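Paired with chain B in one complex and with chain C in the other, chain A is shared by the two complexes that follow.
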Partner chain A sequence: MASNQIMFILFSAMIIVFSVLTVTSRKILRAAVYLLFVLVSTSGLYFLLNYQFLAAVQLTLYAGGIVVLIIFSILLTSHISQKFEPYELKKSVFSAIAVVAGAVLSIITILDYSFSATSEAAKEVDMRLIGKSLLSVEYDGYVLPFEVISVLLLAAMVAAIVVAKKSGPEKSISPKLNQE
Partner chain B sequence: MSTGIPVQYFLILATIMFFTGVYGFLTRRNLITILMSVELILNSVNINFLAFNRYLYPHKLEGMFFSLFVIAVAAAEAAVAIAIIINIYRRFSTINVEDASEMKY
Partner chain C sequence: MPFDIYNFTSFTQWIDSSLHNAMSPFWTALTEMVIIGVLVLMFYAVVGLFLVYAERKVCAFMQNRLGPNRVGPFGIFQTIADLVKLLFVELIPIKNADGFLFNLAPFIVIIAGFMAIAAIPFANGLHAIDMNIGVLYVIAVSSMGVIGVLLAGWSSNNKYSLIGAMRSGAQIISYELSVGLALITIVILAGSMQLSVIVEAQRDGWFIFKGHIPAFIAFIIFLISSTAETNRGPFDLAEAESELTAGYHTEYSGIKFAFFFLAEYMNMFIVASIAATIFLGGWMPFHVGPWVGFNHIMDFIPPFVWYIGKTFFVIFLMMWFKWTFPRLRIDQLLTLEWKYLLPINLVNVLIMAFLVLMGWHF
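Moving on, here comes the complex of A and B:
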């Protein structure tokens, strides 16, 4: 067995185990740490597929940025030691049935379909090519989505600040509404 | 580099990850854990894009750039979602989806 097969098995086992733990763990901080493990193993898969740039982006942006953001908001909004009450049995059983049915259907479809690869030579993905494609207006250029995504990110950051900042003093601390 | 691993394995792995995320989305009641399930779903889609790009169209880069943009959108989505969650917590003192049932006042 080649080394990349061993690495694939290792990464996929980690992804499956930790994603199941992410959605079933009853301690919220642990769920966030399991999510971190899933994201790091996903970046390992990207390395395996030879997309080094995207693996680095995944490590810095997802594992470094989003998970830290999630952990911060967990610390702001809940007690670390607090445990969720177990799910309603009916809800989780029906969700599990729906999910397993969907997964089985998708896997059967995947195994049925015969994927045909092209015979063209693989392109070497280096940083220069990525940068040129991102800023090119030619046929293979991505300058329009790049600009759109930058405007979207700016708008999202401004919106996040506006939504999360404290409003005026009369509205800042409202009584618990669900106690009526 | 990716020889010896059929493309179907990547797709099956992404399918399992996707439906795990869907399960968490359906059963969780805490807003932050729902957000984590959405991140799982987005990640599985990224794996699909990259596997298709590497195996079926290795002379192009469309899948790589699409997953790059998906990552950027996911970052924006997480920032806005966490701002909304903090605002909800300030109003209702909880981030349980069943307790926050009113949209205004």
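Moving on, here comes the complex of A and C:
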């Protein structure tokens, strides 16, 4: 067996095991850490495909960004002694059905697609190509989704400020805190 | 490079090809991984021990004292004695802690450091993995270390640890942006994210000179924000001993504490070597564009010496900060990042892009 296959099996096994643990763990911070393992193993798969850019983005955004934010909000809100109650049987059954349906759908789609085997070595993805196609207005350019997402981000940021902003007479007190 | 004796490429390729001749590709890859892992581990331990000693000596120098001077000449064996002591210290189990996360946390911090060190070019050809996204990779893996700090603080079930971890989280998430943007400024100048290409591009002058004003601003911002990212003074709120006993690692003892301690110094080393590689030319000797004779003389000094010299220069600057500046408050810390460093940085990136566009760099 080639080393690639061993690594693939290792990563896939880690993804499956830790995904299951993420949703079944009854301690919230442990669930977050299992999620971290899932995301890191996924970036390992991208490294295996030689798509280093996506792997590094996965590490920065998901492992270094989103999981850190999740853990940070858990730190602010929950205590170490808190544990989730076990779910009712009805809820568990329905979630299991949803999971199985989703899995069947994905597996059917994957089996339906005809993968063509190749013995070529994996190509390196040029950073310039990614940058240019992100800002390209040609047929395979991504400038429109890029801009749409930035508008969405702007809206989210404005919304966050509106939610966090104090209104009414308290307004005059808050700026003083930062002056020292 | 006129002095091929300092080029390690043929040496590493010779190891690779002789291993390939001896065994199958799978075992070759495995053996190479083990060799590099052991080398990095040894390097990690030796540099960590040396940096602890250097910090104590620099601190003593700043405070007009002698520092460690009993164990060995000039006290150089002091940190080894400390390490042996730490190995023998009892590991105190915490009753109401989350055992799994408590034990996992030091490893996450250490692993993040290991992954970052793999991408750093030590000398010509001494480079474990040379990715075309080197800079992005280093930013990515070094951002994972904070998870260990957060987990350590939460799972200790201790107020001081929790407060320390939360300060550390807020601090690192904020300052990561400045670190990334300062590096991006130089990536614009270099036109590549590959660390070997970045070093090679500094053959006729280091980027801090080639990119003059914006590169210098980026270097200053990188120094400030990376000092904050490694949780070192004056940004050491996460372990402010006068308020939080020891912050997130209060409950750790023995070798687990040593992991955090070592990781802190290794993070400082990694940050300093990134600064040396990106801004000061890495292993590239000090070259001035057209001065052929001068460049030739500089080539006599081995690249590894250049690399270590530059890295320790940056480390000395960071130690100097720690022992001369008073600790910031958390609101001052966040104000500094969000109101000053980040806007300056964004404008700086634009200036650098304009400079490169007009060709005004050297």
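Before moving on, here are some points about what is shown:
Heads up, the rule we're going with is that the second predicted complex is superposed on the first by the 137 of 180 C-alpha atoms of A that agree within 3 Å, B and C clash if a C-alpha of one lies under 4 Å from a C-alpha of the other, contacts with A are read in each partner's own complex, and residues count from 1 in each chain.
To be clear about the criterion, a contact is a pair of C-beta atoms (placed from the backbone, for glycine too) under 8 Å apart; a residue touches a chain by one contact, two chains touch by 3 or more.
Remember, it's a predicted structure, so these values are computed and weren't measured experimentally.
Judged by the number of chain A residues each one touches, B leads among chain B and chain C. When both complexes are overlaid on chain A, the residue A:Val68 reaches chain C alone and has no touch with chain B. In the superposition on chain A, contact of A:Thr60 is made with chain C only, not with chain B.
In the superposition on chain A, contact of A:Phe84 is made with chain B only, not with chain C. When the two complexes are overlaid on their common chain A, residue A:Ile15 makes contact with chain B while staying clear of chain C.
In the superposition on chain A, contact of A:Val33 is made with chain C only, not with chain B. In the superposition on chain A, contact is made by A:Leu76 with both chain B and chain C. By the document's definition of touching, both partners, chain B and chain C, reach A:Ala2. Shared contact residues on chain A (touching chain B in one structure, chain C in the other): 2, 53, 57, 65, 69, 72, 74, 76, 125, 177-178. Chain B meets chain A in the complex at residues 1-5, 7-13, 15-24, 26-30, 32-33, 35-37, 39-40, 43, 46-47, 50-51, 54-61, 64-65, 67-69, 71-80, 82-87, 89-95, 99, 101-102. Those residues of chain C that touch chain A in the complex are listed here as 25-26, 29-30, 96-98, 100-101, 104, 131-133, 136-137, 139-141, 143-144, 146-147, 150-151, 153-155, 157, 162, 165-166, 169-170, 173, 176, 192-193, 331, 335. Contact residues of chain A toward chain C in the complex are 2-3, 27, 29-30, 33, 36, 52-53, 56-57, 59-60, 63-65, 67-69, 71-72, 74-76, 80-81, 124-127, 177-178, 180. For chain A in complex with chain B, the residues that touch the partner chain are 2, 4-5, 8, 12, 15-16, 19-20, 22-24, 28, 31-32, 35, 38-39, 42, 45-46, 48-51, 53-54, 57-58, 61-62, 65-66, 69-70, 72-74, 76-78, 84, 87, 91-92, 95-96, 98-100, 102-103, 106-107, 110-111, 115-118, 120-123, 125, 129-130, 133-134, 140, 142, 145, 149, 152-153, 156-157, 159-161, 163-164, 166, 172-174, 176-178.
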